[in-house]
Amino acid sequence: MTNHNWQFQTEQSLVEKHGLKLDEFEKIVEGLGREPNLTELGIFSAMWNEHCSYKSSKFWLKKLPTSGKRVVQGPGENAGVIDIDDGDVAVFKMESHNHPSFLEPYQGAATGVGGILRDVFTMGARPVANLNALRFGEPNHPKTKHLLSGVVSGIGGYGNCIGVPTVGGEVNFHPSYNGNILVNAMTVGIAKKDKIFYSAAAGIGNPVVYVGSKTGRDGIHGATMASAEFDEDSEDKKPTVQVGDPFTEKLLLEACLELMKEEAIISIQDMGAAGLTSSSIEMASKGDVGLEIDLSKVPMRAKNMSAYELMLSESQERMLMVLDPSKEEMARDIFKKWDLEFEVIGKVTDTKRLILMKNSKEEASIPINILVEDAPEYQRDYIVQEPSPIKEYKPEDFDQNNLLNDLNTMIMHPDLSSRKWIWEQYDHMVMADTVVRPGSDAAVVRVHGTNKGLAMSTDCSPVYCKHNPYEGGKHAVVETWRNIIASGALPIAITDCMNFGNPEKPEIMGQFVECIRGMGDACSKLNYPVVSGNVSLYNETNGEGIYPTPAIGGVGLIQDLSNVKTLSLKEDGNFLCVVGKTANHLGISKYISIIQSKEEGGTPEINLDTELRNGNFVMDAINQKLIASAHDVGEGGILVAISEMCMSGNLGITIEIETNFPHGYFFAEDQSRYLLEVSPNNYDACQKLANNNNVHFEKIGIVGGDKISIKNIGDQHISALKRSFETGIKQISQL
Amino acid sequence: MKSHVIVFPGSNCDRDVAVAIKNISGHQPQMVWHKETSIDQSDLIVVPGGFSYGDYLRCGAMASTSPIMHDVVKKAKEGVPVLGICNGFQILIESGLLDGALMRNSSLSFICRDILIKPKNQSSVFTKNAQVAKMPIAHNEGNFFVTSQQLKKIQDNDQIAFQYCDENGNVNEHTNPNGSLENIAGILNEKKNVLGMMPHPERAAELAHGCEDGKNIFESILN
Amino acid sequence: MLAKIYITLKKDVLDPQGSVIANSLRSLGFNNIEDVRQGKFIEVKLNTENKMTANKQLNEMCEKLLANLVIEDYKVEID
Amino acid sequence: MLAKIYITLKKDVLDPQGSVIANSLRSLGFNNIEDVRQGKFIEVKLNTENKMTANKQLNEMCEKLLANLVIEDYKVEID
């Protein structure tokens, strides 16, 4: 930053408290031709912060592949839209609510869910599924129990009440999140392709309508407190934590969907972060028009709210719409029926400015383009660090007599144990279309009234990303791809939530750049574009960044629900086969971290050609009805994956494969692998299909009994394994 | 065959139960908004699950004061079969059609999973063909409570419809998901034409749900 | 006029929430806890000056909606 | 010793329950309701006779467990 001789009336400290750099302030003055007043400063601060402007990330996000045959709407709207045939589309997005959830886990997580639901139903879709991606600190960190139970009950509290099933997610524990947990929420909705709603305002003179809850002093930018204007009775004016009201959201959802059946809405935008500010500016900017808003018309919950507060309040469960004036009364009746606020607060103008009035006084007048197009954009310096070196492990370093004990210890660990304690607190069946419940690879939700379904999964391995951001970025994408394939679906597109530390540090920016590059390569190769996403930077405590965490949410389509696969073993006598080669890559594996308490050895690499071949083979084999059950091999390696199949199906297995490096074979985290249960009748056909496609396919055992028996090593009862599996996460809640 | 499903603000299993009834009986039930004051002639009134009024204050309390509930109570007293599921059960209790109270689960957390129930009463229109059945529960307040005198009364009068059990029909504390007195999962009124139950039969009503045990209850009323 | 309403579980009704709170408090080191019961505290702002009618109204609100008399008792206080 | 603890939402924090209860009461005909706020009322039985220490303990309980200070205020009363 240049060294200024501060020549402005506005206090320098006030500008800083609004998170604006001094040269950014200069840019504002230049654009306006004068200094901004406090309300305007607040508006710029909100629009130009990282969250709204993507100023550090935009340049790199543009590199992601975002188009494809099925993409109806890529990034840039409230949510992405993909074509799922027959005139139907799936609408989805993932979003972070990290900081609020750390401050108040229940409300933070709940309002996170509420926010992402609105993003999806704003587009005209009925939400049909919620997922989440959660990261907490170490299991025994003093805060973890409180945060875990608060976040889980907050997610459930909101989703259960509004009646959208929470069907999946992921959760990890790692010390890098001790002071900065991650709560990423994803919603998937379904709409008709010809009934999608967008945010661009249009029609000069058309009414701008506010609907939903009243506005209070919820979550107003911390800067309010600091600004001189609020010195007297400042106690009263303290910004407050947002509290979620899922009941009102349910009413808002039904009212909006009811109104959307009529030809009344010209544009619609939910009020999310930076509330009325970002929603009104977004509408105006997309539509290339101006808006004039009378703030005294905004329904208020608290007394004496200033223009500044009204514009920056983050009260939940609110929407802004531009209506066809001839439908205004009809719309009002619908909202009245649902007991919701409905207020015309302004109109569309041709000034291309945002003009705010309050009690006939002009409170702000800003050209829209300087807020949006002229927003700062940075190409921050970055350093790409050398990935951690790959370590070769040798059989001599391991005692094969401990192998089954090690397995037991691993599946008891909160990172690998059953997540049942979590998903049993979520209503994962409301709407009665959940075909595959949590606990398998991807969840499957039927498209209501049809025989097709959507498969969905969220994934990321931050440890992989930390030690090799490029491979880690690839991995996060590919892991959802595999999960979706293993459930019997065709993967179609992803959403992402990029959680990183401070981008002003070159090493962190380097992680971001490399993760994006990895994601982009995987998406391009797999024809699996990014249609929406969210960036959360500055996740740091005491100067320490979190591990790079590009959480990915993938969605796939199953044309015929009879092809759905789960990971439960189905039948005695079937063969268990592995797809993909195992090369004893133990680096950064769960084995090394849980059993040896080390984090070393290098991230496994993914060959995207092999990945594509193996995935296509599994899809073909499922579509040809050759497969009884399927599971991808993920963290923990083959033996953990086999255990999951056994425990879920309550069936044992005899593993016949012989290896001179059992720990390597059974716990390695080599990529691009799946386990398939195949009946003896279909085995030859599978083998042939694999050969024709140059895919490594190998029988490793026979299903049956109530134990996992490994030749030359020993036995483990499934019921004992299950007891260990179910303690992991539950234990934290009992700490 | 005419059936009605009451819709309150915050109901969220109204569509699910309507779909189940349509699939099983072939007839589309009529949805009745809570602000209406009367229901046409009906062979079955369903008070569905969900979070009427957000479950704020007490589950079912505010819905039980809705305008439509006068007529539901009246029809119930005239003998029309009334089925309350989950939040519907809570509403029927709050409206005085059924005895007892539904308190917070003893685990203090929401529980969504499959459970097994077995019929205790086997003579009502709802339970006459019932057997041990698997279906999901999904609730925060399903912990059934009555005073000891009331318990004796509902026992003597054969009003206990379902109890939580295991595969073999054993009823004990290990098969009790929420702390309910006597493992009670559902109860009937004195005349046995009103049933309230916490489990969701409409979520176990077709192959895609992975289990069809819930159909039995609808079939025995509808066919 | 501001009224305060206290809703408590009847004596012989089990209070699962209260017992969990009691246990949590004990495990935090508060060993002298004998019992905890959790109830509701509702503040109602009424537009009236007449205490008598207000009192009558508030009792009616409790009977009709705020309390479940099967399991709960209530008490009304007017400032 | 019996102590009473009142936990209420901070003044400007949204109380979704309170507003729905208020609407519900209005639709039952109580038209003069201005506002309703719902809080918690916790009764704690402590095995001690010393009011001073009890008071200190109870405040600690509120800070550590009973109240969520991010959104709630609390008040302790000893009989």
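Labels A, B, C and D are assigned to the chains in the order they are written; within every chain, residues are numbered from 1.
Keep in mind that, in the parts below, a residue touches a chain if its C-beta (ideal position, glycine included) is under 8 Å from a C-beta of that chain, and two chains touch if they have at least 3 such contacts.
Because the structure is predicted, anything quoted here is derived from the model rather than measured.
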Chain pair showing more contacts of the two, B-D and B-C: B-C
Separation of mean Cα positions, chain D and chain B [Å, integer]: 33
Centre distance in Å when chain A and chain C are each reduced to the mean of their C-alpha atoms: 41
Centroid distance [mean C-alpha coordinates] between chain C and chain B, Å: 28
Approximate Å spacing (C-alpha centroids) for the pair chain C, chain D: 9
Residues of chain D whose C-beta touches two or more other chains: 16, 20-21, 24, 28, 38
Residue list for chain A, restricted to those that touch at least two other chains: 245, 247-248, 339
Where chain B touches two or more other chains, by residue: 53-54, 56-57, 62, 65
Topology of the chain contact graph, where touching chains are joined (line, ring, star, complete, other): other
Chain A - residues contacting chain B, complex: 153, 156-157, 160-163, 245-248, 250-251, 338-339, 423-433, 435, 446, 561
Contacting residues of chain D [partner chain C, same complex]: 6-8, 18, 21, 24-25, 28, 30, 32-48, 57, 60-61, 64-66
Complex interface listing, chain B residues touching chain A: 9-10, 12-13, 15-16, 19-20, 49-51, 53-56, 109-113, 136, 138, 140, 200, 202-203, 205, 208-210
Chain D-facing residues of chain B, complex: 53-54, 56-57, 62, 65
Partner chain B, residues of chain C touching it in the complex: 12-14, 16-17, 20, 64-66, 68, 70-71
